[in-house]
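Order as written gives the chain letters A, B, C, D, E and F; numbering starts at 1 within each chain.
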Amino acid sequence: MDEKTSLFYEFKKGIVEENPLMKLMVGLCSALAVSNRVENGIFLGLAATFVIFFSNIIIASIRKRIPDQVRIPVFIVVIASFVTIVDLTMKAYFPAVYDRLGVWIPLIVVNCMILARAEGFAYKNPILRSALDGLGIGMGYTLVLLVMGVIRELFGTGKIVLFEKTIVTLGPVNPPLIFVMFPGAFLTFGCLMALLNRYEMSKKE
Amino acid sequence: MDWSLIFKAVLALGGLAIVFGVLLAVASVKFHVEIDPRVDEVLDALVGSNCGACGFPGCLPAAEAVVKGKAPVDVCVAGGKAVAEAVAKIMGVEVTVTERGVAHVHCRGGLSESIPNAIYQGIDSCAAAEKIAGGGKACKYGCLGLGTCKAVCPVNAIIIDEDHRRVVNRDKCTGCGLCVEACPRHLIEIVPRKQIILVKCSSKDKGSVAKKICTVSCIACKKCEKVCKYDAIHVRKNRAWIDYDKCTQCGKCVEVCPTTAVVKVTAIRERKSREKASESTPAPV
Amino acid sequence: MADNKKTAEEKRRPPEELFHIGVSPHVRDRDTTSSIMGWVIAALIPLTAYSIYIGGLSTLTVIICSIAGAVGCEFVLQRFMHKPITIHDLSAALTGLLLALTLPPRLPFWMPLIGGAVAIALGKQVFGGLGHNIFNPALVGRAFLFISWSKYMTTSYLQKPVAWVVNTSTIKSINAITSATPLFAMSEARKGALDIQASKYYLPLLFGNPWGCIGEVSGALIILGLIILLTKRLIDWRIPVCYVGTVMILSLIIGADPVFSALAGGLLLGACFMATDYVTNPMTSWGKAIFAVGCGIVTVVIRFYSHLPEGVMFSILFMNGITPVIDRFIKPRPYGVGKGSAKA
Amino acid sequence: MAGFISSAKRYFLTKGGVHPRQNKRTASIMVFPGPNPEQVIIPLVQHTGAPCEPLVEVGDRVLVGQKIGDSDAYVSAPVHSSVSGEVAGIISHPHPTGKDVLSIQIVSDGLNELSPEVIPPGDPFQISPEEVRKFIRDAGIVGLGGAAFPTHVKLAPPAEKPIRTLIINGAECEPYLTADHRLMIERGKDIVRGALIIKHVVGAEEVIIAIESNKRDAVQRMREAGQKDGMHIAVLPTRYPMGAEKTLIRTLTGREVPSGGLPSDVGVVVNNVGTAAAIADLFEKGAPLIERIVTVCGDGVAGNANLRIKIGTMARDVIEFCGGYVGGRGKLIFGGPMMGLAQYSDRVPVVKGTSGILVLRRENLFIKEPAHFTCIRCGRCVRYCPMNLMPYALGMYADSGIWDKLEQFNVNDCIECGCCAYVCPTKNPLVQLMKVGKEGLAKRKKKLEEFEHSFSEEESVG
Amino acid sequence: MIERILRLGLTLLIVSIVAAVGLGLTYAVTKERIAKQKEAEEVKACIDALPEVKSPSELKEDKDLEKRMKKKVEGVMKVYTSKKGEVILVKARGYGGPINLAVGIGKDGKIQGVAVISHNETPGLGANLEKEEFLSQFKGKKNGDPLEIGKDVKPITGATVTTKAVLTDIKEALKAYSLFGR
Amino acid sequence: MNEAYRYFLLFLGALLVYNIILIRFIALCPFMGVSTQVETAIGMAMSVLFVMTMATTVSWISWNYILKPLGVGEFLYIPVFILIIASLVQFVEMVIKKISQPLYRAMGIYLPLITTNCAVLAAATEAVKPGFLKLNIAYHFSLPEAIIYTIGVALGFGLVMIMFACIRERLETSPVPHSFRGAPIGFIVAALLSLAFMGFANLLGL
């Protein structure tokens, strides 16, 4: 436990060791659904990070006062409030992206990742730690979204478009559309996980 | 600013909250039941592969037993120390990890030392081969080398090479004893971890018979018995037996054994571990 | 020690003098995996040959690339994973051939190549190889191609068939306008956009239909293949019969021409050679029947109520997914268990 | 109501089963007397049940038919000497089951002097069934159909299960074997007499003599022999494993022995034709079971024949008597090719349950079995299993050690007939997996029981 | 016990009130912007569809649709009027969900332009409906013109459903226009 | 549109065409997490059916009789619906625990998971505040319609869960390459299943 108590570890663990998507396997829905574009990944990742960061702080600060029986409803209300704030803000200032992300912004509220952190971490830890944990988890989530986004957008459409500018193109090829469609999301994610498994197995050897 | 809207919002959300708050509160009083939540916690802490090494028929019964105080916190043999610590934490007690022994296979004869009496055709499993006319090995007591023990070991501590010799990786073995139960020839024994001088033969054949079918079998020549100053090694039922309480591990018997049936284990392990195949614990699907 | 070694070595009888031991039964049936796969390939040979005769070089290219993709991928993956190489059991070749038969004849060569490789990699080897896959590998390959490059998959049909076998002038003129498969023409006809009778298509569909996928050239040759498989007792009759039967009955109820429905759109190929794939259909007779009826229902639903021109591929894939459920819940009643054990 | 079913209907009641090549080359050859061995090895276990204790000591002289081993257990059968000579040793010797078994080694003096114990016990119809059973036990008679279950036990069904039908099993569905076939042709009258004795003992209403349709001459002979005694001669479809007790009962009566039950649960007793003949012999001549007909066959042995062989004769002597091995060593099998046991040594003796000695040449063996369960899910095993099981699932779970599943798939109803393995295109050793699975399941169940027991005990204390 | 119940209820209540106030405030702040954004989007589409209109101020939403059209036309959602012509917002069933278009019709009753408001079609297939070369085909069409796939309209390759949905949209718009009492 | 036909379309659309898991990518966490055994999957499916129907009903009522009249729906629906779901789940859990221990053992462990099951919120929101999931059908659900729709969603969830659990059970004995064991092969299967479900796209114009 000793080495793990460092504050930096609280932040870092969310990115690799306890990556919410690859390791804890929570928060999968949105990650798989919107990762067909890098841009979506950036926005959703930031939105989720915002929510998890602030809800972790709030929950950690009131944790001693919440009776056990209503803890889940309380968590949920806190989270839902932040989600609504993001929801309304995005609708107001980034309507185009909001349109594409569609249901996934409101659904952050039930993103397993966020409640799992509230319940599993913030409820049991002080504010600073919870904040760092939230930040780390959010970053880990965003990172995977970006990687998925790059793979899927590049292979599925042959180019990556960020803020209406084409960043990378594969040239005149016929990209396999499957990558930007539903099965492609599962496929890419499964293969990424297998790669990670392989990497860890070889490290263990 | 539209204060009436905010008022309405407070009314709606607050109203619902109070309704549900009271509902839950009343329910929590009315429907209160005592369930020991530690069972689930302990269950989560265990390895969860239902390997049965602990002697219970699965992880849930083991967890129940721990919570009822009928099993020690270190029940989970496959989990080792880390799991024991976690369980101890849940149960709020100190970890008292009992030192477990380590598995030792009482046979040295691989394909090149021990002769076959038939050509075995069938699946690679000692338990299965044993049923088919003894599995094709002339020695009726020796290891069949088809790896039933390896298959049951939850931590992959047993390695079997192409020559059908098996090596127990002492660092991995937790002494759970699953292999002891699995071996159809009853060749495996849990020996004290510190014990490195061991007999590696189980043949009850007379020396003259054993000699003909295996180059490394104990031939009951009693040389070890004579050389041992501590009265720790004896020949009974045509093979040597070591009394681990008396043995000081001086290694004299190893020196005199004409067939290398008594061995110093570390030597073998080093030789073999170099050949270890790529192995890793398969994750449950 | 050296002495001892010698005595045992001397005693070691040469293996010729040892008996074999093994479990009963000591005699075995002659069929092996490769002989079965070989027979299925043989049953497809007439169809394949005829399709090459009609489609010419482009058809041949598709077939060769598809088989090469499948067999090559199997070899590379098994080598890479240090598993025994099993390309000689012909199952990969069969997968490649069946994939080719479900593709349009004028695909660019790289598509069947990728399709074959995907079929084996994604359809078979990730699951652990022969016998472990859940979905029909050839159809996984086809679905991958279909979704990835659906433009090619829906437009690469023969423009000018190389050879003619049946006099099909009326139909020829219709297809010259719509340049599409009979199934498409009929769906237009049902909407009143075209005026054509389904029965006009019977003969071409049976004996020489160049409009469609490679394997759709001749229903009669598929039925010939089916007869070979049935007489060799390689497949259970329930699957082709229940599948085609369900489609015909439902078509009749809906008001479409049942014979046409049975002959058109790769249904025969799917019912005789793809739904019958051992690995991906249920193990029991009842299970097989349920599977086949399910395939039939889904095919009809997709064909007539969605916008995909033909439902065979999706219906078989869907029912492949249901197969483990069927296998788990449909079991034969063992001897002496349940009703039969009551006193007579 | 008679349980007997018309032959047309029988075909519909036949489920599963296979058609291996018959190879019944010895069907038309008369039974010869076997070799007169220099020594015999008589194992003290030749039956299902408790082993016998030796009644003689090293150095004793024994006579033909003398009881040399017996046990106090009910489910057991004594063993008798098959030669006259001197007991040379009581040794652990290889046994056809693959294990070493305590056996009595007798060096023959070549005289074959009959023991005075051997006297006919009198008219079986005049004495009570209990007494008949006692004589049968003393004569060491066990089932000659293969399982060697002590016949006196089988002939004592519990009172609450009245026996309606006695089936005399002359199916002999195994390829190669013709011992029962020859027996029916040569000694039909004895079989009928034996059957009548059994009928008397178990109180059956009807007797069916069941013969596969590939033995027309035997059917003819048995019809002649049994006609006036009112026996039904039933012709069975030729399909392995027609002769297995359970399939036989289903085919002949339409009844199914309940899972885990015995034939007597459906009012049936099944006995092999050889067993019936042995019982007839006992009451005619007083002869205990000291010899049996064995089919020696296969392309690996020079002469193929049916021999009347003394129990305890080593396979090596029998094969030498038949002209020795031909070609390289392949497989030596005790029993038929579908159910028989492969031997690692030809020093194993013929025992009461040995119906055939089969020698297969190496080049004709199928020696490419996979080392682990590999299945292409062709479903043939399911189609051909006469017990309606799902062998592939059993094999899969046995190989992966998932014992709990095996129970759901009824592994214990498997009769190990080998049909599944016979048809399997990937040559899976399914029968071996069934054996492993049954054992694994039993172990697992024992463990669970122990656990439950320990828990409930502690609970009642606390 | 009552105390416990009160405590539970109150905790939840307080948290909810705080949340409700916070959300109410956020809503109040963002409300107008959201409404504007939404309208701006539609208006932008309208301008795309009716190129002669230069600024949003020239457009006016026609609130009295029902009355003006007398008869209901299925897919018509909204109509904006201006001096240069009218923009009709229509909705039809596409492959992956509804397709919303703005169809601009000039005073002469001919289509001036078509703009996509939103759709959910498959990228690479149906999504190609956004392409200029597809949409521009409809310029100059008027009510009663034959609009047949393959003849008058070049379909989107491999996406018949999308093409048909767009055609439906356009036909509805033209039909609605023809019903406007003028 | 004929009333019964509309019900049918709603149901079919929710069940197959817009299958909540494979096409809509909702409720993936329980899909991956609780599908290792068929019994568990069935338990989860039943629990979801029960909770989802209740949640939709209560949400529908509170939306139509509280939030909409007050004009606060636009920004309060998320907290309100999720509060309803969370409280319901916890309430049901407590009741079941009291009433029947065996039922609790069978179902109880899944209940907490359902709170964070996206599907419940998504279905409730969709049924009450339509347009959420972009179905190709005219909206504004009456209460019976909302319930029919929700049952369709829940059964679609159950169907896929059971299929998936059976598949995983079969894969248990397969020599899947090491790096693909566990979750990765699960995702590959999900990919192929969703490929198969794409065949239903646009069924009946949905």
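Everything that follows uses one rule, which is that a residue touches a chain if its C-beta (ideal position, glycine included) is under 8 Å from a C-beta of that chain, and two chains touch if they have at least 3 such contacts.
Here the structure is a predicted model, which means the values were calculated and not measured.
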Shared chain contacts [subunit E and subunit F, defined touch]: A, B, C
Longest centre-to-centre distance from subunit F, chain (CA-based): D
For subunit B paired with subunit F, centre-to-centre distance based on mean C-alpha positions, whole Å: 43
Length of the line joining the C-alpha centres of subunit A and subunit B, rounded to whole Å: 40
Between subunit D and subunit A, distance of the C-alpha-averaged centres to the nearest whole Å: 68
For subunit F, residues that touch 2 or more chains besides their own: 72, 75-76, 79, 83, 87, 90, 134, 171-172, 174, 176-178, 180-182, 185, 188, 192, 195, 198, 201-202
Sites on subunit B at which at least two other chains make contact: 5, 9, 12-13, 16-17, 20-21, 24-25, 28, 117-118, 121-122, 128, 131-133, 136, 280, 283
Per-residue overlap in subunit D, given as positions that touch at least 2 other chains: 98, 341-345, 367, 369, 399, 429, 432, 435
Chain pairs in mutual contact under the definition given at the outset: A-B, A-C, A-E, A-F, B-C, B-D, B-E, B-F, C-D, C-E, C-F, D-F, E-F
Complex contacts: residues of subunit F adjacent to subunit E: 72, 74-76, 79, 83, 134-136, 201-202, 205
Footprint of subunit C on subunit D - complex, ascending: 3, 15, 18, 20-21, 98, 175, 246, 250, 253-261, 265-267, 328-333, 335, 337-346, 358, 360, 362, 365-367, 369, 374-379, 382-383, 386-390, 392-393, 409-410, 413, 416, 418, 421-427, 429, 431-432, 435
Partner subunit C, residues of subunit F touching it in the complex: 38, 162-163, 166-167, 169-171, 174-177, 180, 185, 188-189, 192-193, 195-204
Residues of subunit E touching subunit A in the complex: 4, 7-8, 11-12, 15-16, 19, 22-23, 26-27, 30, 33-34, 37-38, 41, 118, 122-125
Residue ranges of subunit E touching subunit C (in the complex, touch as defined): 95, 125, 157-158, 160-161
